[in-house]
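Shared chain: subunit A. Partners: subunit B in the first complex, subunit C in the second.
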Partner chain A sequence: MKSPKNILPFAFIAPAILFLSALLIWPLVQAVILSLQDVRSVGTSGSWVGLANYRKLLTSPMFWDSAWLSLVWVLTNAVLQTLLALGAALALNQSFPGVRIARTWIVLTWIIPTVVVVMIWRWLFSTSGGIVIPVLMQTGVIDQPVGFFAQPNMAFATLVFINSWRWFPFITLMMLAGLTRIPRDLYEAARIDGAGAWKRFTRITWPLLAPTLGVLLVIGTLLSFNVFDIIWLLTAGGPAGGSRTLPVLIYETAFKSYRMSEAAAIAVMATLFLMAFAVIATRWLARPPEAR
Partner chain B sequence: MKRPLRWNLILVAVLLLLVALIALPFWFVLTGSIKAPAEIIAREPTLVPQSFTLEHYVKLLAASDYPLYMMNSLIVASVSTVLTLALAIPAGYAFFRMSFRGRETLYRAILLAYAFPSIVILIPLFGIFAKLGLVDSRVALVLVNVAFSLPFAIWLLRSFFAGIPTEIEEAARLDGGAPFTVLRRIMIPLAAPGIAAVAVFAFVTAWTEYVFASVMILSDAKRTVPVGFSGIIGQYQIDWGLLLAGASLSILPVVILFAFVGRWFVAGLTEGAVK
Partner chain C sequence: MMTYRKHYLLATIASATLLPFAAAAQTELTLWHMEQPPHRVERVQMLLDEFNASHPEIQVRQEPQNWGEVYAKAPAALAAGIGPDLLFAIPDFTPVLKDMGALSNISDFVAELDEAHDFIPSAVEAYSYDDGVWAVPLYNMSMNLWYRPSVLEAAGIAVPQTWDDWQAAAAALTGDGSYGMGLPANKQLYTDQTVYSVMVNGDAAEIYNADGTLRFDNPQTVEAYRFYNDMLQYSPPDAPSWTWGEAEACFASQACGMIMQFSVISTYETQAGGDADDLGVAPIPSQSGDEHNAIAYANAVMLLSRDEEKTEASKTFVRWLLQPENYGRFLNMEPGLFMPVTADGAEAESFWSDPIVEKYRSQIETVIDNSQNGMLFGFTSGRVFPAIGAISAQNVLAETLQTVAISGVDPAQAVADGQTRMQQLTE
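Showing the complex of A and B:
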C-alpha cells in the first residue's frame, strides 16, 4: 500500500489537479498580470504600469468603503446564519415524527437558482401581493408599508436576511454533523449526575460543538464574501452604493466602467486577503487535535 | 429519551418558525402561480388559492423562450455533473484510500480552492475563453461549473470512501484485481451514496449559477434558466403570475432530483449519519 514510487495515486489525482490549475490557478495568475497593466475592455491589450493600479486603489475612498461594507456583510451574515443554523440544528437533532423529511428538505432554499430566490423575496417584500408587509402591519411592527430596498441600511439588512435565508440550511446540516458526533452517553451521565438542560448545553453541547462552529464560521465567511448575484440582482450595489461590496465593485469596474486592470487589482487584493484569512483560520482551528 | 413538556413546546415553536421561514415562501410561490392575476396582487394575500388558472404557465411556455432556457440548463447541469464525477471519484479514491507523499498538502490546496473568490477569475477567464473561442458556448459554462464544484465534491466523498472496510478492498486486490478494476467494481458501488451526494451538489451548483452564465453567454438561444429568467423579469412589465410560474418550473427539476437522492446528499453533508 505504501511504496513511495507508486505513481498510481498521482494518476488518479492528476486530472482533477490539472483541471483546477487550468481553471482556477491559471486565471489567477492572469489576474495578477492584468492588474499590473492598464487594460480597459476585454481583448484589448495594455501596457505595463507596475503597481499604479494598486496605488490608485489604496487612495480610493470607494475601494475602502466597499472593503468596509464587505467586512460588515461577512460579519452580519455569519452571525445571522450561525444563529439560525444553531437553532435549526438543535431542533433537527431531536427525534420527532418527520425529522428525516425535515432534515432532507430544509435545504430547499439552497437548491433553487439565486435568480429565483431574488424574485421570490422581491415579491414577498412587495406591496403587490407580498405577504411580509401585511403580516408586519397586522402584528403592529410597522404601521404603514415600507420599501425594503429603498434606503441603504434597510436594503443592506434585507439583503443579509435573504442571503442568510438561502445559506443557513446548508450550514445547519454541517452543524448537525457536529451534533451527531457528540456521544449520547455523555448526556445520560450528566442527567444522572443531576445536570439540568441548560447545564448540559453549556457543559457538553457547546464545548463539543465549538470546533465545528469554528470551521463553519470560516466556511460561512468565505461563502458570504463571494456572494455577488443576490446583491447584484436585487439592488445592483445600491441604493447610493449602500450594498456595493467588493465583488460588486469588481464587477462594476470590469464590466460597467470597462477598467479591467483596476478590477483585477481589486480582485487580487481580495484574494490575498481571503487566502490569508483562510490559512490563518485553518491553522488556528487545527490547533486542538480533536477539532478535525 | 423523554423530554419534559416545556422542551417539547420550545421544539414545536422552533419547528413552526422553520416551517414559516422555509415552507411558507414556497407555498406562496407555488399557489401564486395558479392564482388569477388579481388574486396574486391582492392586498390581503390568500393562503389557500381562491381562483385557479394555468394561463401563466401557458404564457410562459408558449410566448417566451423559457422552454429553451430550461433545455440549456438541463444540458449544462447534466454534463457538468458527469464531468465533476469523472474527476472527483478517482481523486477522492486516491486521497482517502491511498497513502502517498504530499497527500496532505495537495488535499489542503484543494480545500483552499474552495476559498476562491469566484468573481476574481471571471475577468481573466473571460479573456482566456475569448482567445479559445469559448465565449458564448455552453462548454464554457460546463468548465466553470465543474471548477467550482470540484473542490467541495472531493471533500464530500471523504466520509463515504473512508467508511468502506479495508478488508473488502484487500480481498479484491488479492484476487488479482487491477487498481482501476477495484475502483470500478468494488469501490464505486460501495460508495454509491457518496457519488449520489456529489451528483446533487454538482447539479445544483450548475443549475443555480448566474454570474458566469450572464457574462459568458451572449446569444439568447444559449441562455440558461437563471440568465434567461432574469431577462424575462426585466423585459416585461412586471407580470408576477408569469414570474411565479417561471420560478415554480425552475424549482421542479432540482426537487425531482432531490426527492430521489436528496437524503444521500444530506447524509454526505452530515457525515457520520451515513454510518
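Showing the complex of A and C:
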C-alpha cells in the first residue's frame, strides 16, 4: 500500500490530468466510438458496425486522393513558407533604417482574419475588376485572362501561395528569434578568418538555426495539415476535388453527405497519421545533432 | 438633491425587480434566414422592429446565415439544442431536417393561411409529402436570362429562343475582354440552379422515375451537359469559382453580355447605372425554342421550436408577415427577386408601390410570367422525392458539370457517374 507521501504528487497533478483528459482525450474517444457506428446526421443515433467504416475508407479512391493532396499540401507549404520566412528573417536580422517597424508589421498578414484574406485574394485574382490579371497581361506573363481557381492544379498552387503568404510571418518571427540567439562574435571571428557570406550562412547560421527549424517543421506540418478555412472559403475543395484535402473531406462527409461516422473514421485515421509523424519527428529532434 | 437620488434609487430598484418579470412574459424567437446582403438584412430588421413593437409579448431577432453552410450548421445547431425557432428553407432543405425529426406537421396552420391568402398550389406542394406539410411557403424565385438590349442590338442579334440561337449570340458577344454568357461551374447551389435550368429546357427535367428510381442518366441529360459545357467557352475563365455575386458583378461591369440569374435588378440599379430601358429579361432558351422552362421554387419558413408557446408565437409572426400590407415590403427586400406566393400578395399595394418595382415593372412582370413554367429537381410532375435533399446538399448536378468541364470527362460518362453518386448518397 502506498504511503500518503507517495500519493501526494499524484494528487497534485490529478486536476491537470483530469482537465487534459476532459479537453483532449474525451473528444478523441468520442470520435473513435462514432467511427464504429453508422450515424448519419449530427444529433441522430446509429448502431454499431465495427470496422466497416474503416474498411470502406481504405478502399475509397476519394480518401487516398485526399490523403495524397494533404501530403502535397503540407510539403509545398513547408517549402514555400520556409523559403519566404528564411529570406524575411535573414533580412530582418540585419540593421537598417526602419527594421523595427518592419519587424512589427510583418505580422500583418498573419493577424488579418482569414475571411478578409480570402476576400482580398478573391478580388485580386478575379477577372471582373481584379488587378493581378491585367498586371500579368501587361507584363507579358500571360497573353489572355486565366482563372486562378478554375483548374485543379492552378487552384491548388494558388491556395498554397495564399496560405503561405498568410503564415510565413509566423515562421519568420520564430526564425528571427532563433537568429538573434546566434552569438555575433561567431560571425566576426568567421569574417576575420576570411569566410564569405555564403560560408558564414552554411557554417554558422544554418547549423545553429537547425534546432529552431526542426521545431518549426513539426509545428508547421501540424498547422498546415489542419488548414481548412482558407481552402473551404476559396474553393470548397474544388474544382473537381482538386483541393479536397483530408480536413475538407472530413467536413464534406460529415456535413454535406450526412455521414458523421464515416467522417469520424477519416478524422481518426488523420489523427493517427499526425500522431505518428509527431512522435517520429520529436524523437528525431530529441537526438543529439551528430546522431541525426 | 436627495429627493432626486431617492427617486433614482427607487426607480432602479423597481426596474431591477420588475424587468425580469416583464422579460419572462415575453417570448423570444430566433429567425435564421439566408438573405445576407446588407440591404436585405436591413429590410428584415425594419419589419422585425415593426412586429416587435406591435407585439410586445413577442421579440423576434434575426441571425443571417448563408446557403453554403446552413445545410451543415442547422442540423448541428438543432442537435446541440441551440437551433433557431424559425428557419427559411428551400424545398430540398426541408427533408434534411424532417429526417432528423426536427419538423412537425403544420398542415392545419398552412390550411389556415391558405384560407386567408390563397397560396399558389405549387408553392405548397413542394413542402407537402409523407402525409404532412412541413413549412410555410413565403416567396417564389425563378431563373431568367438577363441581357442588355443595346448590346444585343449593336451586335445585330435577337433575344435567343433556341439553344442554337443562344450559342450563336454568346459567340457573337465574346471577344476583346467581353464574354457572351456568364455561366458558373462552381460546385455550389448556383451552378445546380443554372445546370438544371438548361436541363429543363432540354427535356431532362425528371431526375426520378415515377417509382422513385433515378433516371438522371438519360440522353437528354447528357445533351444538356454537353450544351452547357460548350457554352462555358463564352464564359470568363474564373467561372468555375463563381457564386451568384460574381455573375451579377460580371453583368454589371458589362464584362458579361448575358447571364442566368433570378434577378439582377438590385445590382443593376446600384452598380450599373440603372437604365431600366436597357435591362432585358427573357425566358431561358430551350433546345427547340417551343416551350421555355426554368428552375423555380418557393422558399418557405420552417417552425422548429418544440415549445408550445414559441410555436404559437412563431405562427403569430408568420400570420403577420403574410398580411398584404407587410408582405409586399418583405418581398421587396430584393425587388424583382422575390415573387409572391399568395393571391392577395400578388395584388398588394405594398408590393407594387415600391419605387424600384415601379421602375422595373415590365421586367418584374416578365419574371412572374417566366416563373409559371418553373420546375425544381426532385419536385416535378406533382411528385416529391425527399431523398433529393442529400443530392442537393452535395451539389451533385454541379459536381457532374465539373467532371465534364474541368476533368474533361465525356458528358455521357460524367452523367452515368453522377447517377451512381446520387445512388450512393441516397442509400
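One rule holds in what follows: the second predicted complex is superposed on the first by the 266 of 292 C-alpha atoms of A that agree within 3 Å, B and C clash if a C-alpha of one lies under 4 Å from a C-alpha of the other, contacts with A are read in each partner's own complex, and residues count from 1 in each chain.
As a convention for this text, contacts are C-beta pairs under 8 Å (C-beta built on N, C-alpha and C of every residue); 3 or more make two chains touch, one makes a residue touch a chain.
Values in this document were obtained by computation on a predicted structure and should not be read as measured data.
By the touch criterion stated above, A:Y251 is placed in contact with subunit B and with subunit C alike. Judged by the touch definition given at the top, the superposed model places A:P152 against subunit C, while subunit B stays out of reach. Contacts of A:G129 after superposition: both subunit B and subunit C are touched. In the superposition on chain A, A:L176 contacts subunit B only, with no contact to subunit C. Look at A:A264: by the touch rule set out above, it reaches subunit B but stays clear of subunit C. In the superposition on chain A, A:G238 makes contact with subunit C only, not with subunit B.
Measured by the number of subunit A residues touched, the leading partner among subunit B and subunit C is B.
Contact with neither subunit B nor subunit C is seen for A:I192 once the two complexes are overlaid on the shared chain. Taken together, the two structures place residues 42-43, 128-129, 251, 254-255 of subunit A in contact with subunit B in one case and with subunit C in the other. The residues of subunit A lying in touch with subunit B in their complex are 1-2, 4, 6, 8-10, 12-13, 15-17, 19-20, 23-24, 26-28, 30-31, 34, 42-43, 84, 87-88, 90-91, 94-96, 100, 102-116, 119-121, 123-124, 128-131, 134, 165, 169-170, 173-174, 176-177, 180-181, 184, 187, 197, 219, 222, 225-226, 228-229, 232-233, 246-247, 250-251, 254-255, 260, 263-264, 267-268, 270-271, 274-275, 277-279, 282. Residues of subunit B that touch subunit A in their complex: 1, 3-4, 7, 11, 14-15, 17-18, 21-22, 24-26, 28-29, 32, 40-45, 86-88, 90-91, 93-95, 98-101, 103, 106, 108, 110-128, 130, 143-144, 146-147, 150-151, 154, 179, 183, 200, 204, 207-208, 210-211, 215, 225-227, 229-230, 233, 238, 240, 243-244, 246-247, 250-251, 254-255, 258, 262-263, 265-266, 269-273.
Those residues of subunit A lying in contact with subunit C across their complex are 41-44, 122, 125-129, 145-152, 155, 234-240, 242, 251-252, 254-258.
Considering their complex, residues 68, 71-72, 75-76, 78-80, 96, 99-101, 177, 185-188, 236-241, 246, 249-250, 253, 255, 390, 393-394, 402-403, 406-407, 425 of subunit C touch subunit A.
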